[in-house]
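A, B and C are the chain letters, set down in written order, and residue numbers restart from 1 in every chain.
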Amino acid sequence: MTQLAFNSFLVAMLSVPVVTLISRRWTKACALPPVLLMGSLAAGVAVAAVGFWGGQRFTVDVSQVASFSFALSVDRLSAFFLLLICSVALPVILFSSSYIPRHYAGVRRHWLWVLLPLFLVSMVLVVTASTAFAFLFGWELMTLFSAGLILMDGDSEQRRHNIFIYLLMMHAGAAAVIGAFLLFLPHAGNFREMRAIATLMPPPMRTAVFLLAFVGFGTKAGIVPLHLWLPRAHPIAPSPVSALMSGIMLKTAIYGLVRFAFDFLGGGPSWWGYLVLFTGCVSGLLGVLYAISEHDLKRLLAYHSVENIGIIYLGLGSALVFTANHVSILAALALTAALLHCLNHAIFKSLLFLGAGAISDAAHTLDLEELGGLQKRMRLTGAAFLIACCSIVGLPLFNGFVSEWLTFRSFLAASELTNLSAAIVLPLAAGVLALIGGLAAACFAKVYGVAFLGRPRSREAESANEVSLPMQAGMGVLATVCVVIGIFPGLVLRGLGTLTEELLPGAALPPTAASLSVLLPWIALFVLVPVAGIAAFKRAKKLTATWACGLPGLDGRMEYTSTAFSKPLRRVFSEVYKADRTLDVVPADQPYFPASISYRSVRTTSFERSLYRPGVDAIVTAANRLRQLQTGNIQVYLLYIFAALIALLMFMRWV
Amino acid sequence: MGLFETAAAKALASSGVFLFMTVLLIAAAKRISTCIALFSVQSLVITAQIIAVSRMHHSAEGFVVAVLVLTVKVVAIPYVLYRIVEELQAPRDVSSSTSASQSVFIAAGLILLSFFAVRPYVGVLGGDQAMLAAAVALVLTGGFLMVSRKKALMQVVGLLVLDNGIFLAALTTTFGMPLVIEIGIVFDLLMGVFLMGLFVFRIRDTFDHLDVSKLRRLRG
Amino acid sequence: MTLAMNAVQVLLLILLAPLVRGVIARLKARIQNRHGATVWRPYADLVKLFRKEDLVPDSASFVFRLAPIVVFATTLVVAAFVPLLHGSALLGVSGDFIFLVYFLALGRFFLMLGAMDGGSSFGGMGASREALVSTLAEAPFLLALMSVAILAHNGSIAGMVQWTIGQSFFQFSAVHALAFMALALVAIAETGRIPVDNPTTHLELTMIHEAMVLEYSGPSLALIEWASAIKLTVVMALLIALFVPWGIASSLSALALVVASLVLLLKIAALVLTLALVESSVAKLRMYLVPDFLGVASALAILAVVFTALMR
């Protein structure tokens, strides 16, 4: 029965583009694609829920019908990620049902409704694939469809350059993933067979598989230093697409890494865990530090995705270290924390991007320096955005805190290990996580405070209006889920507990996680009752002007800007930024009465400067040297063929 | 054992901890007088350790050394240095090339390094792990002070801390050096400090400053 | 019965907090050769403020009035995690020190937002400086608490207290010393006392916490002031509970509780005296020297955590 539901879910998703194409002439049917898509996503949520909490498995096996190995199979891990995809995509599509008609007309709108379901289907393919071919098929399709969706927003020179870099890095990552699969493939093409083969592999080969998977999936996930595409691609996409890319697409990379490291390879030596842990620390810190210095809202959110992937990697790294030390219970705790953070991040990051979409819809700008005072004009958007900010910072009573708490508990428990390096490194990683959390709090106080609070800083912000009802509903649903998981995480934690028990041999969710689900509602009650009580108490209030030291008329220009807010932190961490600063005074010989002064400060170029540019230059130099082989003389080319023939003969003779 | 005995025993057992504290504080210190005071405290802790070790081995020499260290390193040398600082009437800050928190992190790293360096030898050499590690940490910190502080007086303080470390290392491993050598070292130090005091005034009069990093004419 | 006791503990903390503040102010005044206001002055201030009306800037949103309530509620919760008289706390649970750090962060977050909602430059300035200080203080706070938790093999503050009571005072280790120093430095930063922030300054450029609450008046200001006093008392109680908890009642008999109250008063008096002395003798740090201050705390906390493994 549920197998039928799964099949019909796939068919329904695939039918949306078809329906869009057929109905594109009928303006009355413009609501049909989103409704159909939402319906199929709802079916997907139901199917995934049955698979995740119920443990049902479904398979779709094309290889029985056709001759190529394409099969889908949903086990608990796939069901969890399928649940993530469908339940987060549902509110996003609800949002887009109103956002897309407002911002895109004609052909672009139809293309969006064709590409969006295809993009979602490709992600479903990736997480439910059970053959290497199906996985890679979906993987490549994800990149292509998302690039297509980004193109829908315009194709200026700058945008095409960014999309090019995006495609380039995605394909480089895909090459590594293909390499990882290829190391299995002489014997196996099916995940079941891969699991069996992996136990027989010699350790160097297992390490090779792990490293290729780490690099390949890391490029897609956006760890430092492979993160360059994230702040280029996510900001230029339409807001719902950014939400899907940042919220869901990055998680498919986590799915791939978990599948490889825990399911196929079954854990490995400690240094794998330390590598992932170290990468997580660096990505988390650098991501949030770069985010603090941004004032374009979407670029800022893109860097925060890097930071949260770093936090997920912290959990995954410690899970690997625990597996290497044969402490499965703690490994289960760390893995649960990492997977829960995947879900939480998908929810609050999509909410943040939808909020950005709402802001751009209302105020037509995403530059924080031009916004302000939006909370009074956009009540629900602001409230939902506030909930998302609290969640991403990891404040208690919101969902981000639950996964961070579990990560902290796993670090604390690491001190009991007998392995000295693990007992030292893992608790120190807790300090790094605390620092990351503190920096995130500073950054989001800046974002929400500058964009939504205080006075408007521009005409557009003054005239912003609340967005339409479907957009509000989409954001509202996500915000509610944030709070619900934050106070009642029990259901999700139980499901994840069963999941990790299946994934890691001999594991069981430790009692700390269970006790959290019991105590959190009481703690929430203890906080919310005073808040509600005091808030309900009618206190007299009188509206006045803000105190301006007796001077008349404060306006938006006298408030703190986003750049000003982050200055102290940027100054303390100035070693990280190494900004390129140029100051032009025109005319140069009149320093005190210039006609114009322009100041340009470009940050976040240090990786491009120190890592990528030398690498690219080296490749270009090598290619130029190789070019000398191409003389253009036909006799030289004949010589090459002749020389290759002689070499082949000698090779065969002496081998 | 009475309360005093317990307290004394505990204090001695945790003198390693006190020394680590002084290492961190001397790295974070901003004034020369603070560094001198911390050196004095370090010497006091070492004196207490000498007394404890001498009681354990019932050696009278040890008490003589303790008295010597007390008078010279805890009282005389710091007093001389304080007088020099006052006479100089120069700014009393420690001109450091690293900020306070960087220095503290480096000092913490040096402490960890000394722990890891000492681990393999704990069983072999005898002596307690914390004291041995504290000795190595003092040596390294003395070196760090000499390298990172630009004032000439801080070079002296760094040298004194380094010597404290060597002394402590000798104390923990071989329970002290022969008396004659101890006396010789201590008086050498005293003479060294007096000479440095004289030189500091000469340097100041010739160059008008005491910034060691600017004394670069020692080239070929 | 234990539940009632723990609830009484929380109530006691809330009601005594302004007194602690008053005593510190009076002591400082005496040390600085002034008369000083009476120690009951903060209570009078609170009563006065609660009777006035809230003045709300016309550009502010609901966050402006919500922020003081959230700040107050989070300090209430934090008070429920710390054992005072009896070796258990109202909401004590394994891992509650993480809740403690993060509930304080929640309060601070909303305070920063409330400051920015005021719409003046001072609010933004206070929030930006507070962001700097709190970011750098969170890591050493958590690491220092974690080192004590690792030492006690117990994740809850009440559990750490029980473990420490089982040891004798002379069994303190390097970890304790380092963690205590780190926590003392962080406590100064978290509660906004000299040398990090001057709670009695009237110069806006030297303010961190005060600049954030410049726009508040009436009951909102009362809630914020009270919450700030509770936070100071809770942090003191935390230091006492983790490092010198001897004297805490182990049973619920009246005698034990009376003794525990007296011992607690003595310890708080000692801490208050130390704080007053420090505040009167040390100058406030320039703002860009505060990261150095907190860097020292971080180094101490990191060393504390590493030593828990090294000195096993």
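One rule holds for everything that comes next: contacts are C-beta pairs under 8 Å (C-beta built on N, C-alpha and C of every residue); 3 or more make two chains touch, one makes a residue touch a chain.
Note that this is a predicted model, so its numbers are computed, not measured.
K.L.:
What graph shape do the protein chains here make by touch: line, ring, star, complete or other?
P.N.:
Shape = line; chains linked end to end, path left open.
K.L.:
Counting C-beta pairs in contact, which chain pair has more, B-C or A-C?
P.N.:
A-C
K.L.:
Averaging over Cα atoms per chain, report the distance between subunit A and subunit B in Å.
P.N.:
53
K.L.:
Using mean C-alpha positions as chain centres, tell me how far subunit A is from subunit C in Å, no decimals.
P.N.:
Once rounded, the distance between the two centres reads 36 Å.
K.L.:
Multi-chain contacts in subunit C: which residues touch at least two other chains?
P.N.:
In subunit C, residues 291, 298, 302, 306, 310 touch at least two other chains, as defined above.
K.L.:
Which residues of subunit A touch subunit C once you look at their complex with the stated criterion?
P.N.:
Those in contact with subunit C are residues 373, 375-376, 382, 386, 390, 393-397, 401, 404-405, 408-409, 411-412, 415-416, 420, 423-424, 427-428, 430-432, 434-435, 437-439, 441-442, 444-446, 448-450, 452-455, 512, 515-516, 519, 522-523, 526-528, 530-531, 534-535, 539-548, 554, 558-560, 564-569, 571-572.
K.L.:
In their complex, what parts of subunit C are in touch with subunit B?
P.N.:
Within the complex, subunit C contacts subunit B at residues 170-174, 177-178, 181, 289, 291-296, 298-300, 302-303, 306, 310-311.
K.L.:
In their shared complex, at which residues does subunit C touch subunit A?
P.N.:
Result: residues 53-63, 65-66, 69-70, 72-74, 76-77, 80, 91, 93-95, 98-99, 101-103, 105-106, 108-109, 112-113, 115-121, 123-125, 127-129, 131-132, 134-143, 146-147, 149-150, 153, 155, 214-215, 218-219, 223, 287-288, 291, 298, 301-302, 305-306, 308-310 of subunit C touch subunit A.
K.L.:
Quick one: which bits of subunit B touch subunit C in the complex? Just the residue numbers, please.
P.N.:
It comes out as residues 6-7, 9-10, 14, 16-17, 20-21, 24, 28, 99-102, 104-105, 107-108, 111-112, 115, 130.
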